[in-house]
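Both complexes below contain subunit A, partnered by subunit B and then by subunit C.
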Partner chain A sequence: MEFSYEAKDSYAEVKADGRLNMVSAPKLREFVTDVIAGGSNRIVVNLENTAFMDSSGLGALIGCLKAARQAGGDLRIAAVQPQVRMVLELTSMDKVLTAYPSAEQAFGND
Partner chain B sequence: MTRFWTRLVVVLTVITGLNYIGWRWMASLNWEAWWIALPLVIAETYSLIDVMLFGMTVWRLKLRKAAPVAPADATVDVFITTYNEDLDMVMTTALAAQRIRHPHSTWILDDGARPELKALAEEHGLGYVTRSGDWTANVPRHAKAGNLNNALMVTHGEFLLILDADQIPEPDILEKTLGYFTNDKVALVQTPQYFSNVPASDPLGSQAPLFYGPIQQGKDGWNAAFFCGSNAILRREALMQLGLVGYVKETEKSIRRALAASRSAIRQARKSADVQAPLVAQVLDEVEAATVEAQRQLDDGQSLSELTYRVRRRVDSAVQTLVLADVEALQSDLEEISAMELAHVGDSGVPVVADDAVQRMSARDWSPLGALESVQAVLDALSVERNDEAQPVMPLATISVTEDMATAMRMHGMGWESVYHHEVLAYGLAPEDLQTMLTQRLRWAQGTIQVLLRENPLVQKGLKLGQRLMYFATMWTYLSGYAAVIYFAAPIIYLLLGILPVTSLSWDFFIRFIPFMVVNQILFAVAGRGIPTWRGQQYSLALFPTWIKACSTAARNVWFGRPLGFAVTPKNRQSGGPSWSLIQPQIVVAILLAVAAVVGIIRLATGLAEPLGTLVNVAWVIFDLVVMSILVRAVLYKGYEPAAEPAATERES
Partner chain C sequence: MVSPTELRRAVVIEDDPDIRGLLVRVLAKQGFEVTHAGTGMAGVAEVRLQQPDLVTLDLNLPDIDGLEVCKLLREFSDAFIVMLTARADELDKLTGLDNGADEYISKPFSPRELQSRINALFRRRPSAEADSASRSELQRATEVQQSLLPKEDIRVAGYDVAGLFRPSRSVGGDFYDWYQTPDGLHLTFADAMGKGMGAALIAATVRAVMRSTGRRQDLDGAFAAASKAIATDLDSSNSFVTLFHARLAAATGTVSYVDAGHGLALHIQAGGTARRLPSGGPPVGAWAGTQWPQSDLLLAPGDSLVVVSDGVLDVFESVEAFTAAVLEAAQNQESAQSASGAIMALAPADTAEDDVTVVVVRRLPEGAAA
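Entry: the complex of A and B
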């Protein structure tokens, strides 16, 4: 699991490459918390290279969403792979998070 | 073969039971004394349903063979939950847990946040977890469920072994159970709770051989083995999934509720005095427009995070614009004043409103909306952060003080499977005095009734019919307190007043009643295969005040939000002498029964009563007294003395 982060015009893009599972989930939460503490509160988590996600990974995303909201911003997800989409639907988390086709589109309209 | 006989007796029980109760309803009711006739036949019907549910449970009795080999790479966290137990006890359990053979991490989950325990854990290389900073005074703590949910966020084992502070595990507990999880659908493996500090006579009815035996094995057959809070292994993925589903459900519910309330909140706010200021009125217009839009987006199926974000942005920017306008007006006023030189404004010339003033005055606490609590409440609820809880995701159910039952039921509802492994792999400590025991039983009963009232298994989506009935069966047994009162009242009423709830005690009665009673007892004997069930039968009747109290307090709690009066079960013996006051209602009933028997015999002797009725009712009184006599032993019980009964811990395997 590898995390990286890149500041864009109106948001910060976080990439989570590999398997986002119970072991790496707490690390994602830490990573995003640090990005938020660094001053970016509009976060896009780009999941194009996230081959697998479990419920703990999704749980971490909610934790990150909460942190971004508390900082006055938002967190969005983009480029989800089929397995991740399945987990989103299984847990009905797709009702909470919209999965955008790409990171650029995530904050496209606001 | 056992299964054949069990099923045969179940069929006979149902036939004889329906035959008896059918006759009771159709042909036996003494309508002149309907006030006792009707309650009695209802109580008897209750008992028949109880027995039928038991029959259904043991119908599918599942005797499992050993589990498949445990996968060597399965990662496990062992959680030892504690609140205020003796440090010695916690450490004994924790060190035994550390010696479990399968690779694992051992964690002490200390809800008491005791520095001494932390030091001991560090000294022995054990993990130590207390509540994170998110558990502020403003959010509910959810007792043990909260403790576990907190720990789930900071650990990452694939499986979790949960142990109460007194449950000392065997080193092979994981080796013997992890293999079941090779079936990807299995989310829970429960092992028995067995107590090592209980004499063979078990005066407090601590061991539950019927439950951790035929009942759990039967529920297992219906894929409904219960989670009992300790000595169980859970799959993290299943728990987290429950947490997520619960999060989405709660968030959606709260948003829908907030939107539904928004119209009246805004109307109310418009009526209040603050709205005289045009600023506030304009913000309210904007809030209204935002909530209307959010409702539309919700109906269109847009994601909750997005629609709440838009509401927030829209309201924030409206507030900001309006505050800015205000500040600008203020600034120009200052400039005018300064230009007219009517006031001395200091050395620096024209005073300037600080740059961050707009920001500051738009922030939640100072915003013009801050004064309009009802509107603010709507806006707060239009969020996905679940600010009323310490963490958005709560894997263990928090709807009941028996989080275990509620959690397992939700797991089953999501299609997960459970296993009951019938082998004692941990040894715990039972309460050693009546008061502690009563507190514990009350808590279990309260929790069970809470689940019944909040998430009635009969109407839960996702559960199979058999699973629904297995959960319902356990809840049903806790209603027995009301039936018990009627069973005590009926003979008293006959013996004192000569009023019989049945039209006659004739051949018709005995030929139906006796076969049912006999087959009923045979069912328990056959299903129990020789395990002692008498103690359990005694307590299910004798603790009627506890069951009634549990039902009434749980109902008040669920329907009216009153507190349960919940207490952590103390693991240490409470000091003091015999406490007869604990069983006051039972003593009163026993005296009434005894007096009634004496009066009944006198009435018989003086020709006021007939022999058969008196005989049956006196026998009934004697049975009731024998059942309740266990309470005398319970009050007098002085705690466990190991030396006296060396064989006790070897019993059962």
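Entry: the complex of A and C
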């Protein structure tokens, strides 16, 4: 799994490309924590190229969300693919982790 | 430095939040999955839970002495222990004693120094030994997981109940548990996040807590109390568990249940339709302040309650395809046991990366012998 990061006007966009599983989940957590530590607390995780997510991956997203909220900001997810959406819906985590169609729209209204 | 398949865990035991944060960052950068504790006793519990490869231990902790903690850890852990002390003058004295620690570092320390000392420790351990250590950990995790499954078949008049469990090579956190009650039965079906010993130990906690609340009459209250206890335990490990808990009143066929993030229970009706029971909220431990509603369904004669783990879901494109396949597999089966087998066979053993667990509670058609 590959991570990249881009600072936008009002948020930081993190892209997570590949499979978000037990191996890559701690790395996502570390990557996002570093972005937050660097001063960004409004994070969009772009999941456009995340084809698969298991429970560890979901755990990492939850951890990142908690960290962003802790820092006074928020974390939102964008461009969610079918398998990831399925996991979010089954676990009712779609009510906590709000999914937006695109990264640009995630913080579009605030 | 670290191959992607090799997961190393570290536990940081340190009361100063700033130093703790720094240690966590440095170790995470080295590829460790890091958890932490702020006191000696919490640290011992964390090491027991995580079974880490590395522990950093502050000598001066608020509750018990770091040397005492080290002694306690050595009773059950063979992790590398790196002891940190703010008093440089203590170093000589410490290193001269056999405290069970592998390395001593004085504060303030540079992240680079810490990194190179840790790398040196891991170079000392031959990789064959590490391999066999991780194999034996998997073996132990499998034993823990197997020990959680119910030992006896369950016999409730008018019902046929069966469960099957197939562990994956890497040991997931699945288990199911059931027991008879004067009214019928209680069923717990859970999947702890992650794999290996960590997941197996969380599963063990969940089983114990769910059993302990079985005597409470109100399911709502029992689940609220249980989830609170489990969430407290999960908090330190940044983990969660999906949990489906149901109580059957055998005389009426009423099943009362609470679903925390599982979402893979089906009510299969005698007429040949399947209704998936959506989860009532996130998994336990995932989100603070969650409350889960209790729901009820009526098992008519010939109906079944089928609970399946996500190891079966993984082979399907969608939840709808999964539901249809489970319905087809469960239909026209002789018994709950054969239905469980047919559902498990949906996830071929050679491709399944996750545990596969299936429980079937079938209400016998009217006139059938129990």
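A few points about this structure:
As a convention for this text, the second predicted complex is superposed on the first by the 110 of 110 C-alpha atoms of A that agree within 3 Å, B and C clash if a C-alpha of one lies under 4 Å from a C-alpha of the other, contacts with A are read in each partner's own complex, and residues count from 1 in each chain.
As a convention for this text, a contact is a pair of C-beta atoms (placed from the backbone, for glycine too) under 8 Å apart; a residue touches a chain by one contact, two chains touch by 3 or more.
As the structure is a prediction and not an experimental result, all values here were calculated from the model.
On the superposed subunit A, the two partners subunit B and subunit C do not both fit; they clash. In the superposition on chain A, A:49 makes contact with neither subunit B nor subunit C. Within the superposed three-chain model, A:74 lies in touch with subunit B and out of touch with subunit C [touch as defined at top].
Contacts of A:30 after superposition: subunit C is touched, whereas subunit B is not reached.
Of the two partner chains, neither subunit B nor subunit C is touched by A:10. By the touch criterion defined above, A:98 lies against subunit B but remains apart from subunit C after alignment on the C-alpha atoms of chain A. Of the two partner chains, subunit C is the only one touched by A:89; subunit B is not. The clash between subunit B and subunit C in the overlaid arrangement falls on one stretch of those listed (25-33, 97-105, 331-339 or 565-573), that is 97-105.
Overlap of the subunit B and subunit C interfaces on subunit A comprises residues 22-23, 26, 54-56, 58-59, 62-63, 90-93, 95-96. Listed in rising order, the residues of subunit C touching subunit A in the complex are 4-5, 7, 25, 28-29, 33, 191, 193-195, 238-240, 242, 261-264, 278-283, 286-287, 310, 313, 317-319, 354. Partner subunit B is touched in their complex by these residues of subunit A: 22-23, 25-26, 54-56, 58-59, 62-63, 65-66, 69-70, 74-76, 90-98, 110. The touching residues of subunit A, when paired with subunit C in their complex, are 22-23, 26, 29-30, 33, 37, 54-56, 58-59, 62-63, 82, 86, 89-93, 95-96.
By the touch criterion given at the top, residues 153-154, 156-158, 236-237, 240-241, 243-245, 247-249, 251-252, 302-306, 309-310, 313, 383-386, 391-393 of subunit B touch subunit A in their complex.
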